[in-house]
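Once you've had a glance at the structure underneath, I'll fire off some questions.
We just call them A, B, C and D in the order they show up, numbering each chain from 1.
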Amino acid sequence: MSRGSVWAAGLVAACLAFATAGCRGRGHKDYDRVPDADVVANGDARVDASIGDAVTLNPLLAQDSASDDIIGLVFDALLRYNPGLELEGDLAKSWQVRDKGLRIVFHLRRGVLWQDGKSFTSADVAFTYRAIMDPKVACPFKADFSLVSRVETPDPWTVVVTYRKPFAPALSAWAEASILPLHLLKGRKLSGGSFDSHPVGTGPYCLVSWKRNQSIELKANPLYWEGEPHIRRYLYQIIPDPATQVLEMKSQNVDTVNLSSVPDQYRDLSRSASFREIGRTFRFPGFNEYEFFGFNLLKPMFQDKRVRWALSYAIDRKALIDSILLGYGQPCSGPYVPSMPAYNPRVTPVPYDLGKAEKLLDEAGWKRGKDGWREKDGRPMAFTIATNQGNKVREEVATILQQQFARLGIRARVQILAWSLFDSQYVSKKNFDTVVLGWGLGMDPDQYVIWDSKESGPGGLNFISYKNPRVDRLLEEGRTTFDWKKRVRIYRKFHALIAADQPVCFLFAPDSLSAVNRRFHGLLVTKTGCMWYWPTRWYVPKSIQLYP
Amino acid sequence: METLLSLENLHVSFHTPQGDPEAVRGVSLELRAGETLGLVGESGCGKSLTALSLLGLLPPGATQTQDRLRFLDREWDRPTPEDWRSLRGREISIVFQEPFTSLNPVMRVGEQVAEVFRLHQGMARQAAWAASVEMLKKVGIPEAASRARQYPHQFSGGMRQRTLIAIALACKPRLLIADEPTTALDVTVQAQILKLLKRLKREMGLTLMLISHDLGLVAQMADRLAVMYAGEIVEMGDLQAVLGDPKHPYTRGLLACLPRLGAQGRLASLEGQVPEISYLPYGCAFHPRCAHAFKLCRRRDPELKEVEGRRVACHLYGSGE
Amino acid sequence: MLLRYALKRALFSVPLLLGITLISFLVLHLAPGSPVSARGSLNPHISPESIRELRALYGLDKPLSTQYWDWLKRCAGFNFGDSFQDRQSVLSHILQALPATLLLNGVALLLVFGLGLPLGIFSAIRSGSPLDRAFTLSSFLAFSIPAFVLALFLQLVFGAWLGWFPISGFSSPWSMGQGWLAQAGDVLWHLVLPVWTTAFGAWVTVAQYMRNSTLEVLSQDYIRTAFAKGLGARRITLRHALPNALLPIITLLGLSVPGLVGGSFIIETIFAWPGMGRLGYEAAMNYDYPLVMGVVVMGAVLTVFGNLLADICYAVVDPRVRY
Amino acid sequence: MNAPKPRALKWGAFFLLLFAGVALLAPWLSPQNPDRQSLAERLEPPSPLHWMGTDELGRDVASRMVWGARVSLGVGTAAVLATTLIGVLLGALAGAQGGWVDALIMRAVDIFLCVPTLFLVLALIVFLGPGIENVILVIALTGWTDIARLVRAEILSLREREFVLAARTAGASPWRLILKHLLPNALGPVYVSVTFGLAGAIMMEAGLSFLGLGVQPPTPSWGSLLTSGQDYLQTAYWLTLFPGLAICSSMLVIYLFGEGLREYFNPRAAQR
């Protein structure tokens, strides 16, 4: 036996001695054709995989998606979004908007209990508002409530919120603000206290244990006002590497995985017959994120609209999607994602048309020199494309754009930088030519902070310095009208205006890809997702339950 | 005096990519019990290798063959590692030239001596330590008891050489080989070490094989003398015979270079250098540097023959005067 | 005499640690970006105004010197302050991540030196033989296999296909109720693949260092003297060659003490191991100054202590160095 | 007595020149333009057209490997040389001089080991800007500590040797003492650390470029090829296989060259 195998055998033998629980072979039956398929049974558990651990379970501090996932299960807000992406009642049964948007009246649901048995009243909502505004907490989304002048509770079941100015996005703000228990937090430390890791809410699941950077265990809340969830236990397993998540999924140690960042894994899973026996893959158009190629409008070269349009024509969006996202993405034509109601279907994405691009650049004076590279009054047409390190999609987009612009005779240089460097030295100081970045949007169509000219100051999000008074008016109008239909019309006009200006070239919106273990039944699958109302709908037939 | 050790036709060769040149080309010698044999020759003539071959301690890359090696009543033609181990330390011991690096730097001196007692005589730890202190006293190390606990780097060169001698003689071997024992030491210490060797030889009835390039030093110690050149013994016999009336031209040349008290004029020196073992001249290896060389010397390598009470390997004495 | 030396070094390490924390603090603040920008910037939900409030809360608006002084005062009382992210105490973060990393690296270190040393000696004694050449070649192959390749291979073969070991994780999720021993066994069972990945590349280095230093020692004169004494090969190797060959290895051991705490981000990410590697990386990426400083201080104490220990061991083993 | 085996030295030097040649003659050797993307041929296995297959943007891996040699071998060897130079000199000085010099250098070692490298790198990017020289600087700054301690330990045990004391009494200046007497015998561990140091430096270059300090896309380097291969390990093994083999073979070459050098300078040790 050569030395290599002697050593390896020795090691394996030693490790085998450790193997106590034996291997966890999971024979899987055929989950679909099960006799008790439609008998709603309680029990079993759902193991969800996440790349990062929750940072905090205190709704006042949470900013990352992992924290929001858990908080969403432990707490409720006054309102919530339905599969049609419209608002509906949650802790508030119904609501009215009065005095042309200056006052919102919420009628709370009666008989709702906190997970510790105390009853939920309007005092909790008022307390939550005061907690959000408390300077010692420095709550990150405090701005959404800056226009609130008073929150009154005439009786335990009604809350009246008065605003200094009509503020349409207020409703979506109340749909994201988790309501805190007054009786547990009154007089106690709002942030950094024990509540941060032992939260008590009104939501469908309560916290059991939190092993940092490992897993968060929740159990069904028997007192939940929509009825106790069928799936009695939920485990949020932290597995930072997507490839490992897929491996765990195939061995049925994990039940649901988000595959948006690893399209090739999604493709393999959806094509694999062996996986189809134990799981299903889902693909939905993404609804809150798009990538764009932005110009620094302070630079003279990009102030000429023809140059911006020429570059937009030179981008082959389909090739980008096919190569980077393996086709799992939609090209987008404006600051909204196709699946959002505010998306203007009449505005089509900029087609790939090198001929037009060449013509526009010649018109703008950037002629091709003898060596084929374009220049104007002796200056070569060259700029850098900057993006942040760690985001594989953006790095590949930048590298491909460099190649596509080279075909147009433009010398582009790629600059990949660590995020903090990128933000503090380049973006905030506006010393960049172009960037490849993306926006993660909320449900509400209001994009004042990104496109309004007043927001282009230092630290503002309008770092490309886009100033268009007509757009400013539209944004202002959109913020103050509560009528959903009128708002949608306003934002579609806003979408068309921005698309015409091309301050940035809108590239694509990646699809949301996921996989779910096949043993779960009762899924509500719609155009926008498969996870809707899962706590109250999902169940696993008794015969195929995996966990006791 | 009966013969303690006899070696017949020893060859030592090194294998290199360019072939296997021989550093020792057929050396035979015998040692009578109680005598001191001096082995002299310029560096590179194979004298150290000959000594090392007696204990099978050749460096790797070297191979040794001999017709027969006899020690007292035992005899081998190709000794196995066990045979060598039965000889080393118990029957034959050796002291090397480099006292500074020949002791284990991280082990106490006393321990390095005691180790031999424990191994060969199976002594217990305490007894071995006592014996080692005793041995160190015997070789003239002051306050042996306390010095034994110290480490080699705390000893001077002379003291380290004395320790090595203590190690070599711990188990009262019959033969002690001293390979240039004093070369690395300064003159005063040299004299002390030689005096010590003489005393111990007398007290323990040792047979001594002294190897050196310094003829003057060997002349004070040796009973018999063997002169080596380019891997062969060219002249061997009683000290007085060889020194008084050197027969082999090389011996004569060597003696001529020795500074004499009161002698005048320039020191004589031998022209040329010791040949490289891989490019040895045909016939007698010394002939290019020999004033009396004639045709036969260039063709045939002379054997050792009895000439006037000593043996010489030179054609001058082969075919008549 | 050694005690005096150790005490002198220990006393001297206090100003050294201060020096290290000061330099780290400066480097931290020299690096572009700040805790607030790391998370808050370019996030439509967060308004510039709440960013200003955050800066005040973190005390970032105070001058650097006061920030450092405040940190130092708290640090003296073993209170490393709260992490910016979730305002939990830095100490609790470290104490949660440290055991996992110490366990992983500790066992890996044992494996590395336990396997590396004998193999190094073995191949030195057999130096030049085809076995030795094969070993050297395979050690380079082993060293250049990237950790993530080996990790995936182990996960695929031993995790998914054979199912002998768990693919990732520190312990089985539902194991809360079991007894102490079962939980320990469960963690050890999860430890197998990450340890194998960590140790695989490293023990090769130790083996080569050992082979090299043994070769060096075997060519020394005192080994020839040992043979001349008639000692057997085994005894010579153990009593004479090994102690001398181990000297450079002790320094190597001292150098790997900081590694014990550092934790490798890649291996911890792939095996979902809740260790210091991920904690340190996330703290750095989010510019969580108190957490980063906490990790730096602990790393510094261990490094200084590790080097001190190595020097003392060296003096104990090698009398020539005792001064 | 016998001439040292020149074989290792001959083969080592031959391969070293071969690798350096590949790096220098990249423009002529590389089968295709390393940056030319053809998204249609994305992630294709090795084929007659693309000897080493294509990467995630359809670029020819073989040409990127040849061009990558320039960065990786260049940075790798330069960084390892710098690290070894600083480490050996400071280590020797600390070992030979002792006293406060030794304490000063050893404490500097402790400091360099503890300062968080990531922030050091980010700070450097701002002040010095990205660039290959800065990568070498960072690797050298953080890498010299190990060698320094190893060499210092070797020197400490040599210091007491008589021949050193003799040289010192003969009035040898500290530097002559170190260079002529102490160092040649203390180079044992250095050979090993240089060999493994090279692979370490190549991987560190990739890490630093990843953060924005080193080469910017699309310039290839073995390290960046390897790290980008991580995401496609299961679907495109060749993205990881070839850079890994290249790093392994360059280590082998350095080892062979080192072994040859050692045999040349110190035949006795190598003869065993």
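Going forward, a contact is a pair of C-beta atoms (placed from the backbone, for glycine too) under 8 Å apart; a residue touches a chain by one contact, two chains touch by 3 or more.
This one's a predicted model, so the numbers in the text were calculated from it and none came from an experiment.
*Asks:* Per the definition of touch at the top, where is the C-beta contact count highest among chain pairs?
*Replies:* A-C
*Asks:* Among the chains here, which has the CA centroid at the largest distance from subunit B's centroid?
*Replies:* Comparing chain centres, A lies farthest from subunit B.
*Asks:* Among all chains, which one's averaged Cα position is nearest the averaged Cα position of every protein chain shown?
*Replies:* Checking distances from each chain centre to the full centroid gives C.
*Asks:* Roughly how far is subunit B from subunit C, going centre to centre by Cα mean, in whole Å?
*Replies:* Here the centre of subunit C sits 55 Å away from the centre of subunit B.
*Asks:* For subunit A and subunit D, let me know how many angstrom lie between their CA-based centres, rounded off.
*Replies:* Roughly 43 Å separates the two chain centres.
*Asks:* From the C-alpha centre of subunit A to that of subunit B, how far is it in Å?
*Replies:* Inter-chain centre distance comes to 88 Å.
*Asks:* Rounded to the nearest whole Å, what is the centre-to-centre distance of subunit A and subunit C, using the mean of the C-alpha atoms as each centre?
*Replies:* Measuring from centre to centre gives 36 Å for this pair.
*Asks:* Show the residues in subunit C shared as contacts by 2 or more other chains, in ascending order.
*Replies:* Within subunit C, residues 31-33, 152, 318, 320 contact more than one other chain.
*Asks:* Two or more other chains touching the same residue: where does that happen in subunit A?
*Replies:* Only 243, 418, 420-421, 425 qualify.
*Asks:* Which residues of subunit D are in contact with two or more other chains?
*Replies:* 122, 125-126, 157, 160, 233-234, 268, 271-272
*Asks:* Can you name the residues of subunit B that touch subunit C in the complex?
*Replies:* My answer: residues 55, 57, 85-90, 93-94, 96, 98, 101-107, 115-116, 119-120, 151, 153, 164, 167-168.
*Asks:* What residues of subunit A sit close enough to touch subunit C in their complex?
*Replies:* 2-4, 7, 11, 15-16, 18-21, 23-25, 45, 47, 55-56, 58, 61, 63, 135-136, 138-144, 146, 191-192, 196-197, 209, 211-215, 217, 235, 237-241, 243-244, 247-248, 250-251, 253, 418-421, 423-425, 427-428, 437, 439-442, 447, 449-450, 459-461, 547
*Asks:* Within the complex, which stretch of subunit C touches subunit D?
*Replies:* Listed in rising order, the residues are 12, 16, 19-20, 23-24, 27-28, 30-33, 124, 127-128, 136-137, 140-141, 143-146, 148-149, 152, 205, 208-209, 212-213, 215-216, 218-219, 247-248, 250-252, 254-255, 258, 280-281, 284, 292, 295-296, 299-300, 303-304, 307, 310, 314, 318, 320-321, 323.
*Asks:* Where on subunit C does subunit A make contact in their complex?
*Replies:* 31-34, 37-51, 53-54, 56-57, 82, 85-88, 93, 96-97, 115, 119, 131, 134-135, 138, 152, 155-156, 159-160, 162-174, 176, 182, 185-186, 188-189, 191-192, 196, 268-272, 274, 278-279, 285, 287
*Asks:* Quick check: in the complex, which residue numbers of subunit C touch subunit B?
*Replies:* Subunit C reaches subunit B through residues 220-222, 224-232, 235, 239-240, 243-244, 317-320.
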